[in-house]
Every structure is written in C-alpha cells, then in structure tokens.
Amino acid sequence: MRHDGRRDDELRKVDIRKDFVIHPEGSVLISVGETKVICNASIEDRVPPFMRGEGKGWITAEYSMLPRATEQRTIRESSKGKITGRTMEIQRLIGRVLRSVVNLKELGERTIWIDCDVIQADGGTRTASITGAYVAMTIALGKLLDEGKLKTLPITDYLAAVSVGVDREHGEILDLNYKEDSKAEVDMNIIMTSQGELVEVQGTGEEATFTRQQLNNMLDLAENGIKSLIEIQKEALGDLSLIVEENIKKQGENK
Amino acid sequence: MRHDGRRDDELRKVDIRKDFVIHPEGSVLISVGETKVICNASIEDRVPPFMRGEGKGWITAEYSMLPRATEQRTIRESSKGKITGRTMEIQRLIGRVLRSVVNLKELGERTIWIDCDVIQADGGTRTASITGAYVAMTIALGKLLDEGKLKTLPITDYLAAVSVGVDREHGEILDLNYKEDSKAEVDMNIIMTSQGELVEVQGTGEEATFTRQQLNNMLDLAENGIKSLIEIQKEALGDLSLIVEENIKKQGENK
Amino acid sequence: MRHDGRRDDELRKVDIRKDFVIHPEGSVLISVGETKVICNASIEDRVPPFMRGEGKGWITAEYSMLPRATEQRTIRESSKGKITGRTMEIQRLIGRVLRSVVNLKELGERTIWIDCDVIQADGGTRTASITGAYVAMTIALGKLLDEGKLKTLPITDYLAAVSVGVDREHGEILDLNYKEDSKAEVDMNIIMTSQGELVEVQGTGEEATFTRQQLNNMLDLAENGIKSLIEIQKEALGDLSLIVEENIKKQGENK
Amino acid sequence: MRHDGRRDDELRKVDIRKDFVIHPEGSVLISVGETKVICNASIEDRVPPFMRGEGKGWITAEYSMLPRATEQRTIRESSKGKITGRTMEIQRLIGRVLRSVVNLKELGERTIWIDCDVIQADGGTRTASITGAYVAMTIALGKLLDEGKLKTLPITDYLAAVSVGVDREHGEILDLNYKEDSKAEVDMNIIMTSQGELVEVQGTGEEATFTRQQLNNMLDLAENGIKSLIEIQKEALGDLSLIVEENIKKQGENK
Amino acid sequence: MRHDGRRDDELRKVDIRKDFVIHPEGSVLISVGETKVICNASIEDRVPPFMRGEGKGWITAEYSMLPRATEQRTIRESSKGKITGRTMEIQRLIGRVLRSVVNLKELGERTIWIDCDVIQADGGTRTASITGAYVAMTIALGKLLDEGKLKTLPITDYLAAVSVGVDREHGEILDLNYKEDSKAEVDMNIIMTSQGELVEVQGTGEEATFTRQQLNNMLDLAENGIKSLIEIQKEALGDLSLIVEENIKKQGENK
Amino acid sequence: MRHDGRRDDELRKVDIRKDFVIHPEGSVLISVGETKVICNASIEDRVPPFMRGEGKGWITAEYSMLPRATEQRTIRESSKGKITGRTMEIQRLIGRVLRSVVNLKELGERTIWIDCDVIQADGGTRTASITGAYVAMTIALGKLLDEGKLKTLPITDYLAAVSVGVDREHGEILDLNYKEDSKAEVDMNIIMTSQGELVEVQGTGEEATFTRQQLNNMLDLAENGIKSLIEIQKEALGDLSLIVEENIKKQGENK
C-alpha cells in the first residue's frame, strides 16, 4: 500500500463540479485528490491571423497556478514579466491534445480558449487540467449547439489524461501525488481516448532510465485509469455524453 | 428599490469561507454577491532589501483576475508580459491600507504576502479583496502567535472596505454591483476601521463632478456598510476577534 | 508658521510660463515653489482603436520625472523597461480629471496627449502637473479654435489640483512641500472646478487614520487653495479665459 | 522507398565534425542529412544559486536557430525579446537527457553549458542537437580529465536521440526529414542509451491518435537507429570512447 | 548664405546656463540655436560591479528626448519598454568621449552619471549634449574638490562636439540645424579637445559617399567650431577653467 | 612585424565561401583570419509600414554572435530579452552602408534582410560582416535578376569594410585581430567603395586622442586594404562582378 493507502493501480478521488464560475461558456472545478483546477472554456468568434479564411477553428490553452497553490509561495508570472518554460510546455500540451478530439472544420472559424487555473496543487496538475478542460470545452460547445450556432457537436471522442511513474519501492504506480512525484524515478503523462488510442505519451527519467517492460506496465496502468476518468467525465456531461457516444459510433462505422 | 431589489443603503450578501486553500498560512474565499475572491496570506521570514535591519515587518499585496472572472475574457497579464495600471493601483492600495492596522514593529522582520485572486467578478473586487485579505492576514498572524513565533497579535484594529457611488436615478447608493458601477456618475471606495476612522478615501467623478453634500452622504452610507462588514469579519475570526478587541481597548487607553 | 514661513492655509509661489517649448500645440512651465513641471499638450487627429467611430475625442496623459528632479538620482523608467505603479497612478489620474472638464463630443475624433515632465521636484508634482496641464490643454484647444478646426472651445470649466495633509505639529495644512509631505500623517490630493465641485478626492493615511472632521478641514483648505490657483490659470490664459467663463455661464443656465 | 530513396528503417547520412569552433572546450558540427547543428560545450566553475554547496554539478542547454536555417526566414528571438515555447521545450529536453548520463557528483560544482545552434534545418533538429551535444560534452569533460581537474570521466553511458513517426503512406518510419515531418500523423522523439534503456519518450499525434502496436513498432525502429548513431559517436570520440565503455562495464558489475 | 542667414562656417548662437536644476551636483541648460538640452551630472560613491576594486572611477551617460521636443510627438521609450538603437548609440558616445578627458584613477571609485534630456530639438542634440555635459561634469567635480573629497580636479582637457555635413547646395557646412540635417548628403560628428586632438570621428553618407577632400574640409570647419565652443565653456566654468588650464599645461610638460 | 607575423599594412587571410547555407537567396561564410561570419541575405516582397507606397526598397540587417564565438561564453541576447547597445550599433551600421550602394528605386518595394551570425570571433567582426554581407546581398539580387523579377542589378558599386588602429608599439596598423584590438589606443572602422569614396568613418580613441596626421595614415592603410578585399569579393561573385562593373561604368559616365 502507498503512503496514502492507495493500491498501485488506484486513482485518487476525482470530482468534477460544473458551472463553478458563472461567466464562461463552460466552467468546471476538477479535484483529483488535493489537486484543484478551475477549467474555463470561452468561445471567440474568430481565429488567430495565421488561420483566417481556412474555414477551420482553433483551440488554445493557458495554464497558471495561484502563488499559494503550492506549499511554498511561487512568484507570479505576471510579476516576472514572462512565462516559464514549464508553463509553456503545459499550455501547448493542453491545446494540442484537445485539438485531437475536435473536428475543427465543424467548429468553423471560432477559437476555443481554455483557461486552467490551479488553485491548489498536489501533483498531476497538468493531467487534471486536461481531464477537466475536456469537460468544460464540451459543455461550451454544447451551449453553441443549443443556441443553434453549430449544427453538430464537433467532438469526436472522450479524452482524459493521467500520470504514471516508477517508484523506487512500489515499482509502477498510477496517478502520483506531489510526494510520490518528487521522488519518482520515472515520470510519465499519458493522454488517451475512450477507444484506447494514444494521443500523447511523455515519459522522462531524469537522472534515471527505464526499460520497455516498465514502459508497457505504465501504459497498462494508464489505460485502466483513463477508463475510470472517462466514466466520471460522462457523468459530468449528462445528456451531452449521449451525443459524444453517437459521434464515436458514427466514426467507427466510417472507418 | 435597486435593480436587484436592494435598498440604497443595503450591502449584498457577504460570506467569508475560511481555509479555502490548504497551503497558505491564512486563506479565505470571500463572496460579496456574485463577486468571489480567494484571499491568501503567506508569511516570509525576511523583509525586502530596502527595509533590512530596521527591526520592522512589511506587508505587500498582489491582485489578479482569472481571465474569465469577467463577462468578456480578458488577456492574462502574464501573457502580456506586464501588469496594467489598474492592477498596480489596486495592489498598492491593498498593501497600504492593511499596513495601517498592523504594528510593524511587533511583526518583526517578516513580510506578509497577500494574494487576492478574483475568480468571479461583479463589481467591488478591490473592496472585497481588502475585506477578505484582512481576515486571511489575521488568521495567518494568529497561527504565528499559536506557534509562539509572535508574543502578541500585531493587529491594532479591524479594517474593511466598501464602495459607494452616485447613481443617476437613485442618488447615493452603497456597494455597487457591476451593472450599477458601469453607469455610476461618481465612484468611491472607502476604507475604515471599527472606530469609524478613515484609512483611505478615493472618490472620482469621471466625466462628472460631485458636491461636498454628496460626499458626506456617501461617507455616511459607507460608515454603516463597514460596520456590518466588520461584524461578518468578527464571526469569521472566531476567538481571534477577542484578541483584536483587547488590542483596540488597550490602544484606546493609551491615547 | 511652517518651516518655510508659510501659514497653514498658504500656497507656495505659483508661476505659469507659457510657450516654454516651441513645438507643442500648448506648452507651459509651471512652478509651484521649487517644483517645476513642463506640461505639453499635443493634438492628434484620431482616437485610440477602442473609441473609433463614436464621434468622441479622448485625452490621455503621460508623466515622468527626470532622474535628477529628485534629491537622489532615480533610475529612468526607460532603462528599467517598465513604468512604476506610482507613475501609472499619476498618469491615469491626470487624464481622468482633465476629461471631466472637456466636452469630448465637441472635441470630435481627436486625442489630446498631455505630457507632464517634472524637471525639479519638491512635493506636489502630480497636483502641479494637473494645474499646468489644464492650461496647456486649453491653449492647444484655443489654437484649434483659431485655426477653424473647432467651432467652439470644448472646455466646460476651470480645473486645478492641490495637496492637503495632516501634520503632526500643525494639523491640517495646504500645499505640502517634500519635507512636509514625507512626514505627514495623512496625504490628500483634491481636484476641483471653479464652481467648487469635486472631481477627485484621494486621501490616504498610511500607518495612520483620520477623522471625518479632519477630512472636512482639509477640504476647506483645498477649496480656497484651488480658488487661488484658478485665478493664476485665468491670467495665464488671457483672452481664452473669457471663452471658458462664457461656457461656464451657459452650462449654469442649461441646468 | 521514401521520397528521398531511403528504406523505412534507414537513417539519413550522419557526420560529426570535431573542433568546429576554436574557443569552446568541446565543439562539433553535426550533420544529419541537410540538418546542421553547431554543438558547443562550455565548462563554468560554479553552479546556479539553487544548487550551491551540494557538491554536485549541473548541465543546462540553450537552443537556437539562425533566421535562415529555415525555408522561410523566422524572426530572431532576441528581436522579439522572448523565447518561444518550442525553444524552451527543446532546451529543457536537451539539458534533462544529458544529465541522465552524467554522474553529477563526480562532475563537482561545475556547470556544463550546452549551446546548440541550428545553422540549417531539415527536420530532426532537436534529436540531432542531442546526439551532437553528447559528443561535445564528452570532449569537454575529456579535456578536464586531461588537465587533471577531474579524476574520472563522469560519463555513465552513451546517449543518442532519433525521431520516428507514422506516415500516411509508409506507416512507421525512422528519422523524418522536414517534408516527412510536416505531413506525419504521429511524431515521436526517442532518447536512449547504448544499453537500450529509454531516457525519454515523447510521442504526439496532433489531430490524430496512435495504437500501442504503432508505438511498439516505432520503438523498435528507434532502437536500431540509436545503435547506429552511437557507433558514429564512438568513432568521433576516438580514445575517449574507451573510457566511456570502461565506465559502462563498471556500472554493469555494480548493479 | 544658409536658409537661416548663417555663413557655412558659422555656429548657431550658443548659451550655457548654469545651475538650471537645484538638486544635481552639476547642472546646465545648453542652448544651441533652438536645440535645448538639460545636462545634469550626479556623483555616486561607487563603481559598477565589473570595475570594483580597481581603484578607478567610471562615467556613464543617459540621453532622452521629451516626447514633444520634436515637431511630431514621439513615443516615450519608457512606454515602449525599451530604448531605441539611436538612443543607445548616443549615450554610449557621450560616456565614451567624456571618459577620454577624465583621469579615472584620480577620480577614484566613483561613478559620474550624466543625464542629457533634450527638451527642445532642432538638430545637433548629441553634440550639444556632449558640449553641455562636459561643463556639468566639470562643475560637479569642482564641487567634490571644494568639499575636499578630491585632491585634484581630474579633468585633463576641454572637450566639445559639433556636427558638420555636406549640403547639396552649400557644400561643407558647420553646425547643421534640423532642416539642414534632414537633407544633408553626409552627416558627421566630430569631438575634439582644446589641443586640436580628435577624440571621435563619426561620418556617414547614407545613400551617398564622400571624398577624402570633403572629409578634410569638414574637419577644418569642425576644428574652428570647437575652438569657439570651448571659449563658451571656459566662460561658463569661470574660475574652474583656471584649474583645467593648469592641468593641460602640466600634461604638456610631462609629454 | 606584428605578433602574428604580419606587416603593419597587411590583411589577414580572407576567404569567402559561397552557398554555405542552402535556404537563403544569398549565403556566404566569410573568414578573416580566425573571425568567421555566416552572412545570409533574404528577399521579402514588401517593405516596412513606414515606407509603403513609395516605390522604393529597403535593406535591414541583424547581427548576432553565438555564445561561444568568444573566448568566454557570452549570454544570449534572446535569454536576456534585449539587444545590447553594441549589437544595435553594428546592425544599424551594416544596413546603412549597404543601402549606400543599392539603387532602392530599382529594387522596388522589397526588403533585403541581412543576417550576420558570428560563429567564431577574433576581432573585426563588424567589418567582416559588411564585406561578407555585400557578397551575399549581391548574389541574392543576382538570383532575382535571373528569375526575371528585376530588370537590372540594382548595385551601384562594390563595398567593403576594414578596421584600422593605432598600436602603442607599431603605430598605425591594418585589420586588427582581437589581441591587437583590445590594447589599441585608437580603433577605427572604414567603409569604402571601389572608387575610393568613403561611406562611413568611425574612429574612437577611448581614453586616448589622435591627431589628424594619424587619421590620414589610417585612411591610407584602409584604402589599400579595401582594394584587396574588393578583389576577393569580385572573385567570389564571378560573372555577377561583370554586371557590377558595367553599372559602375555607367554611373561614371552619367556624372
């Protein structure tokens, strides 16, 4: 058993609270254990200059942590006047993986702005952000559908993210909290669809290496974890999940 | 009656939720109507370079809004790479007024960092920030007292803030929400102690002016509003409020 | 008597020198005691993007100090690569209060740029800037009127600014110089029109508080100080002051 | 056969030219097909502030492209005044993977600065940078060993990087050039040691997904490609490679 | 005769007004025709980090223009957040040439900050800045000498600057105003000592070239112009000029 | 004889290697002794906003050094977030002098971007950059001519640059390497055409002065050095040099 009583293949308690903030088109507060992230999705009726006239939409993400989301206060990036490399990596990742489950043509010349603001951090903030942002984004698009601005929901599949790692003592484990993460030998983030297809794999063994066997074990853990996360997303989406499933089915038939 | 059913001298519903985030020494979520601000207080065991060796503490504040705290998404200041004039004014104000009710000598060479992050905005975010930050700061100092790092609670009085304004239709009104604020002829922020003393008065009539009579009416409204806000602070502080009151009494005797 | 021989309700010697710089549409050097500010007004035939097409003008201000305007050399903001919070507050203030006495519709789609550059500082630089900028702006608009680019002078009233404060020894005093300002318990800036109406009130008691009685005394002092300043503005404006007075009279009749 | 005549599992022509620039402690020009990167390694006799006094060294990397390394001229990051997210990701990656094959304790309180400057780009610049930087770094450390500043060569293994991907037509392919990269469905960078252990796996399917079978095929291709790259590194290192092999053997025995 | 009635070898009217600002150790307002520059010299009792412990002083200069020093308003560099290339060139030039006539050893570990702020521009602002800054600097050093902080005046010679150019119509001319400067074929700045030695020569023929004969003619014009400027500097310096001349004589003897 | 065996009037070995990088319209690697600079010329089919609609072209240059071009590693300007004064001076210089030998009207509304990237530095990097950039630019324009996008080659003359200086021991010397440059009393850069006309003269005697005789000697040295450099440029240009010479002849006749 791990230090917080979990089995190696066990997720932390996950909760997705809808309509957390009143203004955004889609807004959720996702909690994964003590990690809490506000995920807001905003729709803008135009695309960035480099995409104009192509009849396609765009999804872009921003990620930030409140200074005291962490044990030690961190300096605001607005005070520093620049964004750290870590933040850039995370926001590029969030945007990229969400784009893989959205039909950008059906979205039309619109931009979806995803804002992930971590108000409390205990490991896995980037994976929680992706899992929550998927729900906020789908809600926002559902609203467009309701208002008749879209003919179809341009979502092609579910998408969730989870961290896995190699612990000196426990071997491969699922969903690391901060304490586990800071002493892990290997740290990996996996993003998958409901069909078990990989969207992104990022594994790194800083000051350590890992074998292909360990990689496979981690992928197995992640696959199961993501299945559970997608069940929680479905619940949060309610009726909207029926449309998503319809879309998945159609795509399967078209293949 | 105002558009939301309030009397001219009526505050919105105020709620102060303690321990909103687990890491900071003091953390509250203050709600004033639909305006919601996370106020965190962090204690650092040193002062900025310009104050070293003076045996005195310092209080500094940072203020930010999530991009979708507002009706329209606003660009992050970290993306712009600089802080707007409005943000600077607000964070200077929060730090300045909190310093007026803290005995910086008793605090010793420590810095209190106040972080006010608006997660939802509906007018009065700067006054809500001050009212909430006072509670977060007092809780953080109470923790230092409990841990024996301070001999006394270096708080000299309560402190709360409220907005008042002149409405074309209703005349002088208390605690403006966003809709009222955006069409007010005069906009004023008043910060006072429990003893009815003024700490800061900022009144501005952009594209309009106001008379001394109107100023006096607004000050009367603010005085009553602040009394109510301080009652809510007392409740949130619980036993700590007894020490604050003791401090106020001692000061009265010393005068 | 104060340390420089003035009574509590006495202004320093004020001088407004016109046409100090040859290029701007309006240019004055204002001296308030040893405080000296070059105030230049420039007219641009367009408004910022957010105002285009509304048929209204805009007034914006920039404020800066030469590095050796002060006793100790201060670092240039251009070298630091950013503007301090204090500068931002002041330039926002100058623009805001000037807009309150200009009919922006009559101005048409033009921007008035106000540049206040302090070449020597001895307290009260922001209030001297406002008092001087009003004159520079009115001269620039007078030039537009002469050239037939405006049909009327879009100035609705005089406007001047003065500082007041509470001194430990002297109580409430008018027009603080640097020495008085740095040890004042309360520091307040009042901006008023010739009709005795308030445009802006900013009072702050850092590490101190003040009563409503003190506030009233300070407002009385300011009211008289501003009357004297407006007399000096009238003299500087010469014949233009006749048009301003005409405009004030018309407005009174329309009320 | 691919558009440039290669088999799916075939590397481009790789060349490592030593001593390309005279000043650095280690300097190579690596060519991978038409991709050319100058990799310089500099030794500094101190570590960054956050590591002082720990008796350990540090490795940090910077990556840049000349404006006309690319088909279209790109704007210099120094002109923009900030580093793009892509550059940050790459330089963080280079530093991180090199640290995995250096014994930082044996390095002592020194920093190795790696500079990878792409002078001509045709896909795979980040993997070429890593493969070249490994050689430059090892040469620089060999120089310290020769000068008696190090007792042992603190290199624990070889390290090379290669890209793999999924092509719509060819399926899984090794070492993509720019043309292949820009139309690939999946893009993956693999970094491995000579022992076949993984150091980093980064796979992304923007607007596409991939199966675990495809992932395995790509890993097989990469494993072979990296073996060949390490042979070329050995040749470039000459006698130094004997010491590296000795180190690998010792580690194997200690396990 | 030139458009303003001057002969080709004639300077504009030059005036050096001392003690223009009260705070700096040395302060002059130099007027060269309609070009007006405030030159302030400040003494700081330490040198920049890269020079500490060498027992030598340093001179550094900053140059700026008020936005309406020019016909068209220019954007403040503090608003842009960076200094233009032109400003950098000028401030590097001013510091460099002043250092050539100061004995930095005799100055000791002090920094002289030169601030040249152009309040009105009509061509030749950089040369006027140098000529005025020399006087401000010498006055500031004279003050140190008077206060016994220096044993000798560490000034080795006079130094003045002038512009020369080639005009399409008039050929080589001295001291160009803005109108002449903007249509000159060749633009040159010459800085010399009272001994006729060159300190800096900067000649440029953008979209034109010039012969060695033209260069010689321009140098002749400059030599005479600088002699006149140095006479005006002497007058401004008063008794201090006697010490400078003494210093020049001693140096001549030591050669 | 100088420390590297050269006579006072002797250039270092100069080599111009064409087509060094494949993507740019013109690309050379110029070596002047151990100084090596990649000079790339790119053609863009539009001009900067301030020049649009004038029917003329523009030439702009950027200059940078790799961090380890120098003996000690220098910090990247992209990491610092701003360009140094030295870099700005150099890139302004390169652009300005190249514009003096291009007929901007014949170029049409195009921008030539010159990128000079120093990969190895041993003194004279700015003059090597100019000499190399001229060749890269002429090759790029030759390509436009070949493609029929230009009717004539808009080059009016050759242009090369060289440094000269005054050495304590050797007196006036040509083409200083880093060792000589760092102890020279006077440092001068001369840019000339093949007709012996001056385009730019920049001489500076930091902490020293120089006589007109010394200036003349340096100009003589430079004149000869530049003749040799232009011969090397001719060789590198091959057949293109015939067109340049034709252009020079025509201009001579038109004068």
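Letters A, B, C, D, E and F mark the chains as written, and numbering starts fresh at 1 in each.
In this section, a contact is a pair of C-beta atoms (placed from the backbone, for glycine too) under 8 Å apart; a residue touches a chain by one contact, two chains touch by 3 or more.
Predicted model, so just to flag it, every value in this text is computed and none were measured.
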For chain C and chain F, chains touching each: E
Type of chain B:chain C copy interface by residue overlap (half), same or different: same
Which listed pair, D-F, E-F or B-C, duplicates the contacts of A-B in over half of its pairs: D-F
Between chain A and chain C, centroid-to-centroid distance (C-alpha), Å: 52
Whole-Å separation of chain centres (CA-atom averages), chain A against chain D: 29
Whole-Å separation of chain centres (CA-atom averages), chain C against chain E: 35
Whole-Å separation of chain centres (CA-atom averages), chain C against chain D: 61
Chain C, residues touching no fewer than two other chains: 81-82
Overall pattern in which the protein chains touch one another (line/ring/star/complete/other): ring
Starting from chain A, with chain B taken as the next chain, the full ring order: A, B, C, E, F, D
Chain D contact footprint on chain A (complex, rising order): 82, 85-86, 88-89, 91-92, 96, 99-100, 104, 188, 193, 195-212, 215, 219
Footprint of chain D on chain F - complex, ascending: 21-24, 27, 34, 38, 40, 42, 44, 62, 64, 66-71, 73, 76-83, 113, 115, 117, 119-120
